[in-house]
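Structure, as structure tokens:
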């Protein structure tokens, strides 16, 4: 029986221009579905756990297609509520070289943003789970969504389920002030905190000195300082972040830093040629979580997470379809990319 | 110098599944843009008039792409306001045989639904125009949109510009009660009233006895009765409707009935093999309007409109890309479909 | 809790040429998955039952993709065995007018054909099920597959589960002699027997006088005679067949004949414009089964089945993605194909 | 050893809009290659003869791709000259219902139009051939092309090779006056004359009374009268024409009339649902020629030709990819379009 | 009111193979439209000026589609003449690594090459314009086109409009001797001269010592020497060139050198990962022109031009769809390619 | 008259996911055909020799399409036998960065694996040939295929035709033990032996010390040692290997080492950005063979081979569509990738 992991958040319809077309050129969109917590659920299913995703989608074929996409990859969708006005959408244009990828969100009024406590019985949903995961995007969707997130985290904590959050600040959804107020409240129920580079500052107010995210340089000392502060304030068991060095929209350096209150560990760094970098943070989170659930030590879990997410950069769509074997193989050091026959 | 015709309403992003795929099967969407009044503007440009479309679109590349789509076909877009939250979307699945085409609207909170009087200076916009056209969809979008529609119609009337409205009832946008209240108010400024089969009843309360729209039978006597009532109440100069006989989603009979308070005229009926029937009502309206603007008598204008819209059924997308020559040729009777070399 | 229905058979990779291209023209294939019993499982899930599909697929990404396709549409895949050499493939070229669709099977050595009793614990698999369904294709795959089919039917019978079989003769898989020997043995465990036109003769030796399947004429008297013989010999509770009148590869007449030992009932006949007729027999079977499971009488169940399968003809792929509501709507008589907004 | 048939003419790059898109909508073109005489060569190869196509194409990859297309389907391309400015192009938009398909030719200055006697050694090319075929398009390309055509026909006649011509008038290439002058000269070397409906009048001045090609009605008496005149003047061994009844761009009636100076024979008529009707005349010609070469009598040859070309209407592209078996099967009467498994 | 810029030249139908397919592999072509001066007009519209493009296209749907493509991106097309034989075509195959992109021109006999003085009233066309731009391709098309170019330049000079030319030598269109004769005559009316690497020598006879364009090394001293000679002979106000270092078909270095008779300025150099490099020279020219029109100094204008054209390399098609904001952002130094949300 | 080269082996249907999609994401496959010896035949045709490919394919349209693919590129297919069960298939997923390309073979029971001596008359097939080539894949298919390979090599040797083999070990087809037994027997008839890196050890037991193929480092000394042993044992006239340095799935170093018993020669090394690396070994073999046939010395032939195969990496599909001119141009040193107009 696979271990059950519950994630809670939004799944969106993703509409992306083919190839490197700009929005104004597109006559068709490639269609897929994604969202931070959904991406984590899928990746965990790929590795053999029972990902369970909780959200609300409209009661129409577009909502059904989102559910179908999750089911296709093995996610347990039985707790997804149906109703509301619409499924959130995001439009994606893939960049190259010095032209950045561009995302246009059209997620206001999504069913999940307007869901309420009547839609989810978290006590039942979390029954038998070993882990609960969400991100800073979900509470940013609406006050109701923030309340639901808090309820889910509280329930998990009460049931002795490990909890994790990916800070993921989205400036178009809420202000830093609002984010800090809510996220500070939520983080008291969190065991494992994952934060992309600029998120720790925006959502929790901790400042990593000297990291200019447009430059692509790492400032490990600054990170360590921030992690220490976060640990001190919230008592997180693990703090982790992926570290991106953005040489260009086509090539990035990719590694991770983790901290357990004791040791800082900086993983191997991968040089990635990017196919699709959307969801790479989620693929790190899911890999790190997988490692911890299956008994890896922090270093191994971090290496698993960063190898998994390096592979994600080469896969179209939001979700990581790298297999367990592929991640383990890459962790062992084979990045030669020789044909597998 | 081409004659200027102004139309006012919404343009939406249209996302359709390729071939006859159902929504739950689709991995890509064909992308185009459309909306009742925009479709009329494009068709009029095709025939040589200066279609001018007025709406509001968001200030992002999706909004820009909608404008670009209009410009591509010659529409004057200079009066389109920029701003607001999002562009309305509709999803389309093309039916066949006994499976109906399905439309899912995701148009709430569109920029045009939330536009206000500060966005449009109708006095300037309508300057020099010979015709103003809108539909019953626009006032259904929101109270603000209804107020703008009324303002546009009033201004047109004040400037002596001929006005037309296509009743187009959309039950997901408003109730019959609300529709009747608003549309009755608007119709006092209208010269030419165009109504698809079920719209007259829903929006104005006139009932065509004995027409079951799911049967595909025509009840011309019922229509005539309704037209007489409409004429009596609103004094429309012309009342027109396309008449669809829905044998199946693949094959329809298509004709039109027009009335000038004096004569009822039922056009030639076309048997159409359907490629894409979305926008066929708009293509009839634009054809009929074109005929009247260019001095055809009612019968000719109706024949032009119905020939134009028969052709529309064979063209993918919302908009009619039949040329003036092709419509005139079909009016003359050549429906043989022989290759043009 | 949805009622559990188990189906057992093969799922194949389906590779079809786009549009109406011939095989020798194709530079790409559209990819989907299908097979008689899998198609039934999917359709039943669409209607709200818990379809459960049992097969064996190779332990590689192509096998995984077949499972994913089933999961996408809600099928319980937990009993699918993994291993063996390959997934069966069929190539499809869609015909039009007088050019017939062409299917090339490449299914020899498929995992399911070489599966054995160690792969399936039918006692556990059938636990809690209300219905078991298979087809005459499964026992035709190999002697081992025939033995598994018999074991499944026997187990179902022993557990008091209603059983059905779709005769489905495939001349490339076995001879009539072999078919008759095996199918006669299997039919003793069958409650509901479904037979396409030429199958009853090939697999059971019952002859419908006067039906030339290349002509498209129905011979209801002949069918009735055959059904009576079948009932007499096997004691089937219901015997059913869809009835195709092949006017051309583009247009067919479609109805069904059912018999309960008492009454013959010939359903409404649909004139279908064909998009994809592969799997239409399965869609009739699944509709008829759905009706019987949910308490419809024989006439209603047959009308449900034939309406469901009429809709299937308009949907690309092997599987029927018509919804319960759409089938019920069509049963009520609305075949007008008017746009659903 | 297959019998060698030589055809001489132009092969063009064909650029067609996908689906039913109009030219002004297209963002991609489907690419294939075709031309009357090339189409005949391919069809004959499909039936097992050695089609040999003679033309001139530019010495660039586009010219090479045209040659490759012919080689793919088995045509002997060794006598194709290389050089000149460009490959002729034609653009195709596929019509439906009352909207006709549209062809835009961009063939001026093509290599074959500017080829000269130095490019082809017809004495060597025709060595061992049993049949030579060309069309009225080739001499219309240019005076040089007309001279080459005459030389080819003369050489064939001198070598005792049966010759055929498809009259094929193209009004954009030459006037009726010019056509009549040239074609009258060429026809003295012709054994088998094939003429689509309007071609006989345009190129040879024979008038079929009462046939309005836009109506879709046949006037067999008129045809018989014309055929008698043609026979009288040129002594053709066989005169043949396909007969199209254009109900619409989607549906046609299709049959053929042949004459051997003795008997008029009107073939079975097929009702065709059209996928792509370009090249259907060539598919009739190639079928009729195939029949005569392989010893069928005139009636059989005509039935073979008309069955072959009925099938062509269902196949995308210029060329007929129906197999010998399929044509023979259809001749025997099976037009039911049942799936071939 | 946007400033009006007029450009004059050819627009061609561009047919490119998808992905990295070679011509002999292609079964479809991606369709777009482009040409040096048209590309400049579109880019200027993107930045907010009123690009106005002058050419002649055939009076058929292919010509119309070219116009529509320009209108889509905001170009004023009112002065485009209609008529002539055909639209020029170019075929494009995109290279990678050591395989160069390949262009096959099929532009002879294009409408613009055969246009005459009756087609354009440059006095009216240039009315109100602030800038006139053309390239060395236009006069190379034909003697008539050269005469038209001279007339346009003369008219612009007479009206006090700033003029620019991009030398753009095309060896398949004319000899160096012919080019030098004509371009020397035209350059007397030119204010701003833009020359890609090998063009200055071919069209004007100025030789940049030591630049081997197949090597990818820059020889700035050589360029400066040539620029001094050009300035001396023609008195150009500005001379500019983009500088390409061709490491491979996939990766280039990209910068620019400008000269105002006083100072030589070499811009920042971008390392570009190439998506589509066709039109990159035009994107530099349009950026540089934009800068000068809007009051940037020479250095800023050059940096704007080179940033704009660096971005162009990442965009499919001939035309630069980078926005003003994106170019300015890149000029400021952010080439990190981080996702824009 | 072109020189005739015969190659013998398998051609497979290749089904590849578009873009960088993983198998579990794919909804369509790109279709082409390939196989080691077929790829060599096509490349030799491209260079002007008469490639002649010998295999067996099933007598159905998929088998025909494989033949057509070869004919398209000029291969003589007259000796291909028809019959057997199926065409072998391989599925391909293209990797990027650290994610390797993945190949799934589904080639068991292919027609060629079950062909017998009755299918091929090698004495006639090899008549007039100057070279015979095969690979270590063919004898690995089955014992019957190994016997046929031996017969072909023996016949070639007897007729004085130069023979070559590419060792190509496929671990899924046979064990090292079996491979060594068979290949040792076959190599006695071989003049030119080509071995990719790991093949010499697997198939012949010669061990290159210190080459870890997952690392991407070359060990030229080890190779030289192996080549000396191979020469000593089998007396090969030439031994050659391409040398791949796998930096990642996107970027490789590519060169070759050749040996004539006297001199070792290591070619120029290319840094390749990979589009499709399948078939690159075959493109080296065919280039090297072409060089030797046309009288190049060993160094030139090796440089030709490595330049040809560097280009192959940039071309989609198994086959090398680089032209003779392009290879010669690259050999001369121009790897700048500048646009060819």
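Labels A, B, C, D, E and F are assigned to the chains in the order they are written; within every chain, residues are numbered from 1.
Simple rule for what comes next: a residue touches a chain if its C-beta (ideal position, glycine included) is under 8 Å from a C-beta of that chain, and two chains touch if they have at least 3 such contacts.
Here the structure is a predicted model, which is why all the values come from computation and not from measurement.
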| field | Neighbouring chains common to subunit D and subunit E, by label | value | B, F
| Same-residue or different-residue interface between subunit A and subunit B, half as cut-off | same
| note | By Cα centroid distance, the chain farthest from subunit D is A
| field | Centre-of-Cα separation between subunit E and subunit C, whole angstrom | value | 62
| field | Separation of subunit A from subunit F, taking each centre as the mean of its C-alpha atoms, in whole Å | value | 44
| request: Please compute the C-alpha centroid of subunit D, do the same for subunit F, then give the distance between them in whole Å. | output: 42
| remark: Multi-chain touching residues of subunit B, meaning two or more other chains, are 22, 24, 27, 68, 73, 102
| query | Based on which chains are in contact, what kind of graph results: line, ring, star, complete or other? | reply | other
| task | Using the contact rule from the top, write out all pairs of chains that touch. | result | A-B, A-C, A-E, A-F, B-C, B-D, B-E, C-D, C-F, D-E, D-F, E-F
| note | The answer for subunit E against subunit A in the complex is residues 73, 270-276, 310-311, 313-317, 321-322, 326, 330, 334-341
| subunit D to subunit E touching residues, read off their complex | 15, 22-24, 26-32, 60-62, 64-65, 68, 85-86, 89, 91, 93, 102, 104, 106, 108-109
| field | subunit A residues within the subunit E interface of the complex | value | 19-22, 24-25, 95-103, 105, 170-172, 213-216, 246-251, 277-278
| query | Considering the complex alone, what residue numbers of subunit D touch subunit F? | reply | 68-69, 71-74
